[in-house]
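Here come two complexes built around chain A, the first alongside chain B, the second alongside chain C.
Presenting the complex of A and B:
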């Protein structure tokens, strides 16, 4: 059962690296991360924070871009080239095909994020001690930062995979342009899920209809902001693994929901 | 509909329901551990819509929304911060907009200390001097102080804003009691050593001579080579300790004679006049106290404490006077300007 999935995933992974736009985004991301220490001088007294904000922000942002543009092309390309018929004619079910495509995308993104993460760690390891030395109080929280950054990158993996899942599902439903737009909208709206919760609060004067609509939106949408723990890193606060596991658990639950929807939709689609 | 589809969609619904308790647990952890963004977007949006200047709102939509969507909060704060400088230096017409943007920067990145410091400085210092209306000046002082207090609430583990707030009270409001409260708070965290001396300076100006000696004593115990603290201790002992000690004993005439002796040599000594004014007030010689504080306030335009005291005593004595910004501020916050000289045992000194 798993072998066809891995075959599809491996083929997807190899094919993804031939996509030039992916390489372009990765190179641009590394350039931004690499130059984050230059931007740091724009925030005197908070250079360390600026490096972290730009570095981790870039990993999340460019990871998301890769996920959107890769995810929305994975299945439509197979349909356009009609290779999907060949694949599905072999003993590969539609569920295995969708999941295999997704796993191939996951592997591609994982490699991209690892490369960006290494680039960030190099910049951080070189520049951060200088900035931390400039402000003694930064030196105190400096030690906690290394492990917190690793945790932030782990969370970025799950966040970006969730975006990839949405992109893959959107591409089974809509045209390429529309699926890109839909994925972006879900991502950005998901970033502000708290906002919907506040708007649906009756104490803030939300009507019954608004409570139902916005409350449902809040419960259905993935909460992307939970994957962002930069605030804790900037403050040098320890983030326990138990919390991280809960966040990852929530992300995985949404991922299962998204892939299940993708399977249900793709199973009915004429290809 | 095929049965697998029904089961599939039911599974989707079941999973979405099942994830809700986990969501609540994650939200709780994020709140308790401080993982949430410092200022929720709805609060920033609320401030954006309350903006009364077109330019400020343009700044919000362009940069802040972009940052909100992209997740580069600090970068957006930095970009807006640079814009604030541009507006501020273009002159008076754009200063309100600059301040509006500065406030947004503090909302976007409340752990960045510089915007709190500079925004409060613009309010309590720069806007203050651009008006002659004492009520408006008092309002700017209050705004500056409130801005720093909010900054402190965001950054309670760093000395910087405690010091900044203490300094604003020390230098601009001249509420030395309040200044010391914040200087002492700054001393609880890693801080430069001049902060310790500021406590002594504030007590000296208040004046509270025994406490200023205690503060300098602390500085000298920490660093016996602290020349500033050493010099201040010698000066206080030589000039003000005896008059103060006599006043504490209730020997006001002798105390006044002692301080007058020093003032004969240095008639414009601000601290000497402060000590004399405090003693006269304690002795119930309100007219003398008024004249002394008035003189000190006239000698130095920046002696806001003397000016406030003179206004307060003028009101008590029925003398016509103009309220100063600092006096109005003190009235507004319900601060008592009366000198208190509790009977402390200063004999040991």
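Presenting the complex of A and C:
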């Protein structure tokens, strides 16, 4: 049951590293993260904030870019190159194939995020103590940052995997260009899910139609903003693991539904 | 029964005359242990048939079974092998890794898989090139390793689409020998090709498709046999002899610089041979006339048109 999934995932992982755009995005991300301390000097007194904003922001943004461009190519490339024919002619179900492709993408993104995370940690470990030393009152906040940054990176993993899932499913439904656009739109609109809830509030004068439309968007769209805990990190607020697990749980639940849709679509698709 | 289809159809669209485009009402019965040829020109519906049988696409109507199981089921896939036309594989793998990859999809592993991979690479003449990556393969090498991956699970039924495509004459001959050997081992071979000449010595039974429809089917020997026709092939014919033979034979035709004369009566053919020999011509061949698959095909398609 699981073996074909892992074999497809492994092949997908190895194939993914041959995609030049992926390597390009990773190198560019490392350059941005690596130079974040230079930008920190642009905002005297808020250097730490700049490093964290640029570092974590880059991990999330470039991770999302990789997820979109990788996810929307995983299955279409197999169909266009006809490698899917020899695989599906073997005892590999379409569900195993879709899940294997997704898992291969998950592993590829994980490695990318780990590399970006290490780059960020190196910059943070070298530069942050210098900036923190200048503001002794922030010492406690600074101490909490290391663990909160780790948590932020863990959340970035799940956020980007969710984007990957959406990209894979979009690619089974639409052409490549359209699936890229759809994934980007869902991602950016999903960042504003809470905003839709506020707009649909009748006490704020929302019409009946606006309540239905915006309320539906709020319920249907993934809430990507929950994965962003940069504010908590900057304020040094303690982010408990229970909160983290709750966020991860929400992401995984959404992912399961997304992959199920992907399977149902691909199961009917002719290759 | 290895394969059975009943009125299997796949309609993609309709042409300007309203005629369906795709595969129309194909009913097949392929016995186990046969080499079965699905023949026809490009666009006749061969690949569509193959994809339907493999469960890669879905029929518009009709049904099919392989070894009694529904098309595309895992129970079917366990017992079949498939070589697509102009096969594509993961470019980063070498020959050995490629076969191992496909083997693991069947749950194979360890020494059993390693042994099978080695055996197949030897069989298709790729053992010495086992570490070359697929991206550096020639068309012929892809075809060879493609045939090997199709056999990784020691299948009972092999689907081979344009088997000799990209192979040089020696490679093609080796593949033909391999097919015959597999048939002798009791395997069923389902060949798709537009190269009728290549298929003629291989196939036990054939179905000829044209524009999505079956236009001829049967045992190859029966299809090629022509009742009551004898052929006399001569070289070094004088003009006078040629005129005499044209008058006495059912029909004559020039074959390169030779003359072929056809008779419905065996004694008439023998008499003509004696006459030709007396006139100084060289008798190249004399015997019952067999058609070629190409002739059968042209006759079938011509009749349809």
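Keep in mind that, in the parts below, the second predicted complex is superposed on the first by the 271 of 271 C-alpha atoms of A that agree within 3 Å, B and C clash if a C-alpha of one lies under 4 Å from a C-alpha of the other, contacts with A are read in each partner's own complex, and residues count from 1 in each chain.
As a convention for this text, contacts are C-beta pairs under 8 Å (C-beta built on N, C-alpha and C of every residue); 3 or more make two chains touch, one makes a residue touch a chain.
All values reported here derive from a predicted model rather than from experimental measurement.
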Quiz item: For the overlay on chain A, clash or fit between chain B and chain C?
Solution: fit
Practice problem: Check the residue A:39 against both partner chains and state whether it touches chain B (first), chain C (second), both, or neither. | Solution: first
Quiz item: Looking at chain A, which partner touches more of its residues: chain C or chain B?
Solution: B
Practice problem: With the two complexes superposed on chain A, say which partner A:4 touches: chain B (first), chain C (second), both, or neither. | Solution: second
Quiz prompt | First, second, both or neither for A:183, with chain B first and chain C second | solution = neither
Quiz item: Is A:15 in contact with chain B, with chain C, with both, or with neither (first, second, both, neither)?
Solution: second
Quiz item: Regarding the shared-chain residue A:112, is it in contact with chain B (first), chain C (second), both, or neither?
Solution: neither
Exercise. Give one of first, second, both or neither to describe whether A:237 is in contact with chain B, with chain C, with both, or with none.
Key: first
Practice problem: For A:89, decide between first (touching chain B), second (touching chain C), both and neither. | Solution: second
Exercise. Could you look at A:270 and tell me whether it touches chain B, chain C, both or neither (first, second, both, neither)?
Key: second
Exercise. Once the two complexes are aligned on their shared chain, state how close chain B comes to chain C by Cα atoms, in whole Å.
Key: 14
Quiz item: Which residues would you name on chain A as touching chain B in one complex and chain C in the other?
Solution: 268
Quiz item: Mind pulling up the chain A residues that touch chain B in the complex?
Solution: 39, 42-46, 49-50, 53-54, 57, 60-61, 136-137, 140, 188, 191-192, 194-195, 198-199, 219-220, 223, 225-226, 228-229, 231-232, 234-235, 237, 239-240, 243, 246-247, 249-250, 253-254, 256-257, 260-261, 263-264, 267-268
Quiz item: Taking the complex as given, what residues does chain C use to touch chain A?
Solution: 51, 54-58, 74, 77-78, 80, 82, 84, 87-93, 101-102, 104-107, 146, 149, 153, 159
Quiz item: For chain A, which residues count as touching chain C in their complex?
Solution: 3-4, 7, 11, 14-15, 18, 81-83, 85-93, 268, 270-271
Exercise. Flag every residue of chain B that touches chain A in the complex, lowest number first.
Key: 5, 8-9, 11-12, 15-16, 18-20, 22-23, 25-27, 29-30, 33-38, 40-42, 45, 68-75, 77-78, 81-82, 109, 111-114, 157-159, 189-190
